[in-house]
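A short write-up of the structure that comes next.
Think of it as A, B, C and D in the order they're written, each chain with its own count starting at 1.
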Amino acid sequence: MSEHLAPYDSPRHRDETAIAGMWLFLASEILLFGGLFLIFVVYSHTRAAGWALGVRHTNLMIGGINTALLLTSSMAYTLGVDAARNENARGVILAGLSAAGLGVTFLCLKGWEWHTELADHLFPGPGFALGGPQAGGAQLFYSFYFLSTALHGLHMLVGIGLIGWICLRTYRGRSAPLIAMPVEVVGLYWSFVDLVWVLLFPVLYLIGRV
Amino acid sequence: MAPTSDPQTMQRSYLWQDGTLRSWLLTTDHKRIALLYMASITAFFVLGSLGAALIRLHLISPTGAILSDETYSRMFTMHGIVMVWLFLVPSIPVTLGNFLVPLMLGAPDLAFPRLNLISWYLFVMAGALVVYGLFRGGLETGWTFYTPLSTDYTQGRVLPVVAGVFLSGFSSIATGVNFIISIHQLRAPGLTWYRLPLMLWALYATSVIFVLATPVLSITLVLLAFEHVFHVGVFDPALGGDPLLFQHLFWFYSHPAVYIMILPGMGVVSEVVSTFCHKPVFGYRFVAWSSISIAAIGFLVWGHHMFVAGTSLYAAVVFSMLSFLVSVPSAIKVFNWLGTMHGGAIRLDAPMLYALGFIGLFTVGGLTGLFLASLASDVHLTQTYFVVAHFHYIMVGGMVSAYFAGLHYWWPKITGRMYPEMWGRTAAALLFFGFNLTFFPQFLLGYEGMPRRYATYPAQFQVLNVLSSAGASILALAYILPLIYFIWSLFRGARATANPWQATGLEWRTSSPPPTENFIEPPVVTHDAYDYAALDHPAPAPQAEPPHV
Amino acid sequence: MARVLSCWGLLLMLLAVELVLAAVGANWGIGGCAGLMALLIACGFMRMMRAPTLAAIFAIGGLFWLSVLLALGSLDSFTRTNFPVGDTLSSPAPNPRIPPDTAP
Amino acid sequence: MTWLPAASVHAGQVDILLGGLLLISLAVLGLVFGLMLLNIIRFRVGSRVPVSAETVAHKSWRFEIAWTSVTLAVFFALFLWAARLYVVGFQPPSGAIQIYVTGKQWMWKVQYPGGQREINALHVPLGRPVQLLLTSEDVIHDFSIPALRIKHDVLPRRYQSLWFTATQVGAFRFYCTQFCGIGHSRMTGTLIVLTPTDYANWLGQTPASGSLATRGEALFIHNGCSGCHVSQPYSPGADDTSRAPSMVGLYGSQTMGPDGQRVKVDNAFLHDAILHTATVSGQAAAYATQMPSYRGVLAEEDLAALIAYIQTLSPSRLSGVGMSASPERKGN
């Protein structure tokens, strides 16, 4: 990337452009999850009782632990960004690996959570576990639950892949001066994934629980 | 004043510098990517047009002339999906836009050249998936995919088609990000915002919609695919879900998508009208900001697609009022183009004829839009052929005219060759008349109550349908002609000068076709856009333009 | 470093507050907490304030259009009167879908 | 081609609105094309009139503000006019006759307060408000009556309301206008507006529910017979027999048998004609389409129902059940 600067004037110009580009992409991502949040806004009001019934059956323990894990992971990676600014390659790799590790743990816990939910017949459809007059709303909730967690999980996978790539290129380029920009751009994405979870967590586990 | 494109310029140009297939397929040069895109969307345009031809042929007879109900449904679905997502939405931005944005900015390339190439590959994959789905099994939901028809009641190939449209969305987002960042970051020295050509303002507004509306379509399609696979989901009426929510999400994208299609066309027309009147665009700032406000207000009006869908009265009233608002900036543009013509030195070359056709047809399309924004008249006219005619006036009459205007206008710059002028004018006239003959009768059909998407229809509608089909054959001719003479001009056309139209944009300061790096010497901008005085009488000022190469 | 760590501490604290509020059932409080946490991440981890001005413009643009989507999108649902046919689904009903080709 | 009738007061009002919109559009269109032509004629290269750039630049602001505000004002007036007419649709008068209409791929089932049912036809009295309660059994349909200038989407699991007061006796088409699958264009029917007395008679003569003939009618539509055979005596296209013979008045008439002899159309003939199309192949050349055999498709009880239905289409040949109520009748 550093070999030819065109179409940029200077490395600073290039870095600024890349970071602005990432932000613009994240603005786009806001709207992607925005569509999901519209579903939440509408059904948690028009089908409030059924929706809340669904919320009550999510696993708050795993959800809470996962939130803490993800916050920590984001924090770790941000420390890596700081390290990159100080051209500390070791710091970047260490931060990246711990962030990715926490991310993988998150996904494992999430997978286990899914597994128990599937075993409990909480996947919407003919054999759905919850009965009563609010079963329909609860199934709407669980459609939303599985889709939004899957979509978020997909973003996590992409993020973990990107972090892995950052670690690899930092490891390979130890001798050359470290360029902070890619580290920073990936950091923006990773923190955004965290931010989305911070908003999803109350929607899936908390609001309407009591 | 500028060099003609002698063989030497040709040699050095982006077209011939490295002729291997590999160099084309792995290129990050925005000009080559523009040509790759042009080839792909032309293919899709031909495919979509064939669908249209079959539809019009079928509708000659009230009982349906050639297709079964099923094939007919698949045909108009194919026509809609291919035309909307594989031709109209990408059309001007990815071809002319890709080619011109860096040139107009005075930059060597877009901000993210590799992302640009990736977006083309995404687009091709998207196209392949859609075509696979539509031809291996087909789909009969219409391009709107309304649930629950698309989720539970179709045997069609929903998944590949939806996946294709989903991918094409990512291609759009990539293009949009690239344009916005490029326009912010890569302007040549001296090129302030109010010196930008109006084409760039239009493309900027388009990109805003690309970036902010497309993701909503993506998530909607994901929700749709989920429901199609599991037969359960958030729009499922059996669970108390609301199919109208799907329509809200769908139109949140698909209405602004109309402006994705028309805004770049408006940009092209602003350029063409100014050049062929040899006069600055009247009310430059109004035209520039009207693009932005169309993009912004365009997000607030999607509900007018749903006035009879069962939405609440309040929503309908609010959306109707906002819909009237969005036509104000469009009206501003039309009047400013007319103002530009006033007092100009008008030349009626083919691009100008297409642009004038655009203004006329777009005005008809816009005015009939009033009928559909008005609540009570919309109730009668919506979902009939009136709507079909209305949006074809905007998209074919408007967008395709503008695309052809742009293609003719920038053809010398893109290829270094002139197209045959007489044929160009003939095709422009044919397009205008063929188009009107095809689609004007459909307004009457719509008023009479003929519903859209009908494979068979009551005999009383036959006369108008036959007229429409007759017009379609003229329209087909108007499409085939340019295809032939453009290809001819590649080999036999007169060589173009750097600035054959005496236009002002930065793209005309470099050779035709441009070298790979666009400008041998980075340009510096010292004048407003459309400053013809400076072009006609190059002042011997101290800070004159850098010498032409 | 200290900034990132203190930010992280604050976030964990807010998470705890959220959990407490959830036990009480203060839904709006939870929403406020979540918004605050998102803001903390944007400013603390993503350094929105120190990013190029463009970044802030894009972020605000995204949020603005998100609010348009949520406001106008839910306007209809919140002001609509529905007249359901019969009872809504009262139990995990047998798959309600009928193949489209059965006789009435 | 006949001009679309306006069969209610509301339809007339919508037409006036459309006329207003049309006038405004024509004025704007005339202005745009007129200015375009004038500009081209005056300012074409060769006939150039010198215009100072200064005046143009000065005028710009005032022009922009002027035409923007004029457009806005006109638009707002149009909005109010159209919205007032639209709101009416949400306010059905009390005392309207409530008729249930159910959409289903691909037919309309209509049920009257008295228990009468019919398919793809809707009988209403003149001058009395009628409220349709619309719902769907499957996908989204749309019930559209162009002659009344009204339509509304029909959604599964909820009722939509559509009301009107017909002011013109006659038969008018209604359509499904929301794409609902491959049979979409077959999902049409006829609105029959009767005088109050005729309506009362019609109600009295129509079997209440679940009769053999009603079932036959559903089969007739569902098996695609109605795609070719005309079966609605009052519908606007009732005389269209280009594809296949009309079923109206067929029962009891004389027709050409396979061996060229005249035969009477009775139960046995119809039974055989449906199962073995050769029975009537003597006439096949006269029609655009060839009828497929329904052997193995229709069971015996289906055939009985179908024949019972076809019998009702020849009311004059049956004792008792007369359908001469409608003034629009076109049967032979």
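By definition in this document, a contact is a pair of C-beta atoms (placed from the backbone, for glycine too) under 8 Å apart; a residue touches a chain by one contact, two chains touch by 3 or more.
For clarity, every value in this text was computed on a predicted model and none was experimentally measured.
The interface with the greater count of contacting C-beta pairs, when B-C is set against A-C, is A-C. Between the CA-based centres of chain B and chain C the separation comes to 34 Å, rounded to the whole angstrom. Annotation: 14 Å between the Cα-based centres of chain A and chain C.
Work out the mean CA point of chain A and of chain D, and you get 52 Å between them.
Centre-to-centre, using mean CA coordinates, chain C is 44 Å away from chain D.
Those residues of chain D in touch with two or more other chains are numbered 105, 138, 156-158, 181.
Shared interface positions of chain C, i.e. residues touching 2 or more other chains, are given as 54, 61-62, 65, 69, 73, 77, 88-89, 95, 100. The multi-chain contact residues of chain A, meaning those touching 2 or more other chains, are 16, 20, 24, 27-28, 30-31, 34-35, 38, 42, 46, 136. In terms of which chains touch, the assembly is arranged in some other way, matching none of the line, ring, star or all-to-all patterns. Put simply, chain A touches chain C in their complex at residues 16, 19-20, 23-24, 26-28, 30-31, 34-35, 37-38, 41-42, 45-46, 60, 64, 67-68, 71-72, 74-75, 78-79, 82, 126-128, 130-133, 135-136, 187-188, 191-192, 194-195, 198-199, 201-202, 205-210. Contacts from chain B toward chain D in the complex involve residues 63, 69-70, 73, 140-142, 144, 146, 148-149, 153-154, 237-238, 240, 243-244, 277, 280, 282-283, 286, 307-310, 313, 316-317, 320-321, 324-325, 327-328, 331-332, 334-336, 338-339, 341-348, 356, 359-360, 363-364, 367-368, 370-371, 373-380, 382-384, 447-449, 451-461, 463-464.
Taken in their complex, chain C has these residues touching chain B: 54, 61-62, 65, 68-69, 72-73, 75-77, 79-81, 88-89, 93, 95-97, 100.
Per the touch definition, chain D reaches chain B in the complex via residues 1-2, 4, 13-14, 17-18, 21, 24-25, 28-29, 32-33, 35-36, 39-40, 43-45, 48-49, 51, 53, 56, 60, 63-64, 67-68, 71-72, 75-76, 78-79, 81-87, 89-90, 105, 138-140, 142, 144, 146-147, 149-153, 155-158, 160, 173, 175-186, 188, 227, 236-237, 240, 242-243, 288-289. Considering their complex, residues 6-8, 13, 16-17, 20-21, 24-25, 27-36, 38-39, 42-43, 46-47, 50, 123-125, 136-137, 139-140, 143-144, 147, 151 of chain A touch chain B.
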